Amino acid sequence: MVGDFTHFNAEGRARMVDVHEKPETMREAIARGAVYMKPETLELIKSGGIAKGDVLGVAQVAGIMGAKRTAMLIPMCHPLFITGIDLKFCICQERSAVLIEARVRCQGKTGVEMEALTAVSIAALTIYDMCKAVDKDMIIGDIRLIEKTGGKSGVYKRKGEVEWVSLEQGNI
Amino acid sequence: MVGDFTHFNAEGRARMVDVHEKPETMREAIARGAVYMKPETLELIKSGGIAKGDVLGVAQVAGIMGAKRTAMLIPMCHPLFITGIDLKFCICQERSAVLIEARVRCQGKTGVEMEALTAVSIAALTIYDMCKAVDKDMIIGDIRLIEKTGGKSGVYKRKGEVEWVSLEQGNI
Amino acid sequence: MVGDFTHFNAEGRARMVDVHEKPETMREAIARGAVYMKPETLELIKSGGIAKGDVLGVAQVAGIMGAKRTAMLIPMCHPLFITGIDLKFCICQERSAVLIEARVRCQGKTGVEMEALTAVSIAALTIYDMCKAVDKDMIIGDIRLIEKTGGKSGVYKRKGEVEWVSLEQGNI
Amino acid sequence: MVGDFTHFNAEGRARMVDVHEKPETMREAIARGAVYMKPETLELIKSGGIAKGDVLGVAQVAGIMGAKRTAMLIPMCHPLFITGIDLKFCICQERSAVLIEARVRCQGKTGVEMEALTAVSIAALTIYDMCKAVDKDMIIGDIRLIEKTGGKSGVYKRKGEVEWVSLEQGNI
Amino acid sequence: MVGDFTHFNAEGRARMVDVHEKPETMREAIARGAVYMKPETLELIKSGGIAKGDVLGVAQVAGIMGAKRTAMLIPMCHPLFITGIDLKFCICQERSAVLIEARVRCQGKTGVEMEALTAVSIAALTIYDMCKAVDKDMIIGDIRLIEKTGGKSGVYKRKGEVEWVSLEQGNI
Amino acid sequence: MVGDFTHFNAEGRARMVDVHEKPETMREAIARGAVYMKPETLELIKSGGIAKGDVLGVAQVAGIMGAKRTAMLIPMCHPLFITGIDLKFCICQERSAVLIEARVRCQGKTGVEMEALTAVSIAALTIYDMCKAVDKDMIIGDIRLIEKTGGKSGVYKRKGEVEWVSLEQGNI
């Protein structure tokens, strides 16, 4: 059974819930996602044309900047002080996809799940944008929370996820 | 075979390609995506707690505002004058998901695919944010371009997609 | 007699005053305002056309997002961490107006008056925008601080204001 | 009798109406508003402390920058190319108020009413912010559209308004 | 002799000058600047640590995104539709500096000088940020307009500037 | 010899370094820069046309607002709570330049060098923008960190810099 929504006020309208009384703790969230594409597009990102990784380099900057903008994009999200962001990419031949992982940390009263998910989403959209001239069929998917620590709701760990290093080694 | 990337300059670095000589035409793009969730969460959005649709109402405003911010989020995206945006949501019991469709129009020199995909992404992230207190396992996925018209590259229509009205009627 | 302006430096130019030595305390501010309109427009918002409250639903999201942007809009405003925002609307037949109240909280070194006033202003502008096709004569007015707590300047309470619940019951 | 709302789609949700087929014409809008305050506060702005007009100087920059941000603040507003903005202020002893007028122009498919009203609102909030240390009782009010030209809905002129020059001469 | 300032209104206050009657033409502007640093820092950017060019890769994305934000940063700047942006970097041993060139194009009523200068400035600040842990003495300088075409004021070409290719070949 | 870059992760890509474990201390940074121009332009700013200082007044507001936007402009910059900003300008006849100094303070885990340098840069760009109709040859230069206190890296003081008051008195 699920509990109650916490983003609505007594009139049934959305509000930004007050987190004033929550303690400031170290929060971390890890999110992942993927951009599925044609093998040729993946090859082009990997080895092709220009320097390997430039598409991913631009996507990484976009993801980091996007994470900092989360509270401006998601209406009921609290502004918070991100203390660190790291994005990783992995070319996955088996799934013909670029896999993305974002890890976000802050010292604050609310979690950083949305920041991590936003980082992945904006990075994925940037990959789409930079490759769309050669492949319009790409699909952005599997954007999900992997792990979350800090705060009174405790640790969340999604079941069935492997370590990132396994993804990098192609063990999927 | 795929063509060449168009977002890199002679030094192999990213640039914003010059669209100065492209004609201004009416452009339209349709994108779709989904937020997969537990049936209880879907039920809560649908009938539950407060007024039906408030989660979706907030997501819709977020998606529209996100679309207007696309060029500020996606590094190599051209700023353009969106002339219209429409977002639709559909509660899909079979897939236990909220389906999202964004339709964006502009009069300009470049397409609005990225604006439509960004509208869907931000709307999906907003749904996640508003329901995450009751369901952290939600997955945002299947974000894809459905249709694109205008511009010299002509019409793009993704294969195998059904009409939105069919989705609304549960024919999937 | 009034004191001295605190936003100017020794050269008489504006600066953002240093609040570094102020203690972090819980701050709250309540602001109100109104959008005066034709009775027909009010009726249309209330019962009309589509679902009641959608105009107000959009205005609410806009007000909350506007509050988070206050320091980007008001030059000498300090950025701060809003911990909670709540907006309420009340259809007031007697004044033929939509009344708006915003309540903002933060834990910080400066007050949140400007955030509350900005929330009301952006919500009011959004109501204007969504109804202007049917009524260009609307007037946005009476935007004022109702209450402010926290910080060394102590509690401020505007005289002659009634409780929000009285406004909702039409006792004005 | 009033017409129909134009900001809702078939499902009763808000959308950004498509203005694609509207012709591009020269649009102008004039809006006004006021910040009512204690005579001492007005005096302080007028002659006091430092150089006259610095409060208004900061408010003017804020109003102009706010107008450029309108489509980012008001959810259903179309982004457009403002070609010119002018803000005027008038110290009005009779009303113990600073009067504000914004005049905005663009070449586009939609009007600039919201840009003019937003310019006035942000300028008024800035005046409040810069004077609030000496006067928390100020009221922002009478924000209204004065005139609008261009576009198929034709000229709008609010009744009972005097010329700005009359306001400056104190003939009110 | 110099002419008159064009950014002030009759009251001597700043305004955004109306460009409504200017024709839309193709505009281009080229700006340059430099970040002067210790030879060791330059070496570190060039060959060092990680992949060559990553510092410059991030700076390039930042410069392009900064250019799109120009009208939000510079108060009296008109918003406009950039159609293309290109940034180049050159490691200059003789001056112990990273040289930066930005080329911006638009189809519009006003020039893009500010966009090109802003692109160079933000790219330079980003280089400073990414290297400041090893060198706080860096100086950002020589930010200047090199060339400007389009518009009634005609072509501007700064005297004494060499071609970019000469800079790349170390002929300075 | 210089140390290692701190903005790259194990894959050699940029990341926002985690400052979570750094203590919160009072941080201050002072930066300076200059806009070099024709003597006539300088004269026009100083005494000319309209009220002295309006160009600088607008530049000051722009610099303060720009500083608040630093983390949105510089990709790897941490968002932080600026507690105070002050900008000073000095008309320097000898160098035919406007000198700019920004002083920024915060209570936080990272320094405010980038905020001070950004404030100077945006103020300089604004001066350029407001005078470019009469002088396109202006050069923005000498943007540098003067002093930095707070944090474990201790105090930084650039050698060979004079006090601001000396600059104001023309002792350079």
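By letter and in written order, the chains are A, B, C, D, E and F; residue numbering begins at 1 in each of them.
In this section, contacts are C-beta pairs under 8 Å (C-beta built on N, C-alpha and C of every residue); 3 or more make two chains touch, one makes a residue touch a chain.
Being a predicted model, the structure only gives us computed values, none of them experimental.
Asker: Hey, how far apart are chain A and chain D in touch steps, shortest way?
Answerer: Shortest path length, in steps: 2.
Asker: With chain A gone and nothing shifted, sort the other chains into their touching clusters.
Answerer: Excluding chain A but keeping the rest fixed, the chains that touch end up as one piece.
Asker: Mind listing the chains that sit against chain B and also against chain E?
Answerer: Looking at chain E and chain B together, the chains touching each of them are A, D.
Asker: Look at interface B-E and say which pair in C-D, A-C or D-F is its repeat, using the rule that over half of the contact pairs are identical by residue number.
Answerer: A-C
Asker: Taking each chain's centre as the mean position of its Cα atoms, how many Å separate chain B from chain D?
Answerer: Chain centres of chain B and chain D, defined by C-alpha means, are spaced 33 Å apart.
Asker: Indicate the whole-number Å distance between the mean C-alpha point of chain E and the mean C-alpha point of chain F.
Answerer: Computed value for the inter-centroid distance: 17 Å.
Asker: If a residue has to touch 2 or more other chains to count, which residues of chain C qualify?
Answerer: 13-14, 51, 53-54, 57-58, 61-62, 65, 69, 75-76, 81 - these are the residues of chain C that touch more than one other chain.
Asker: Can you give me every chain pair that touches, using the contact definition above?
Answerer: Inter-chain contacts occur between A-B, A-C, A-E, A-F, B-C, B-D, B-E, C-D, C-F, D-E, D-F, E-F.
Asker: Could you list, by residue number, the parts of chain C that touch chain A in their complex?
Answerer: Per the touch definition, chain C meets chain A at residues 26, 53, 56-57, 60-61, 64-65, 68-69, 81-89, 105-107.
Asker: Okay, in this complex, where on chain D does chain C touch?
Answerer: 1-8, 12-14, 33, 38, 40-41, 44, 48-51, 54-55, 57-58, 61-62, 65-66, 69, 73-77, 113-114, 117-118, 121-122, 124-126, 128-145, 148, 156, 158
Asker: Show me the residue ranges of chain D that touch chain B in the complex, using the header's touch definition.
Answerer: That would be residues 9, 11, 13-20, 71-72, 75-76, 78-81, 108-109 of chain D.
Asker: Would you mind writing out the residues of chain E in touch with chain A in their complex?
Answerer: 51, 53-54, 57-58, 61-62, 65
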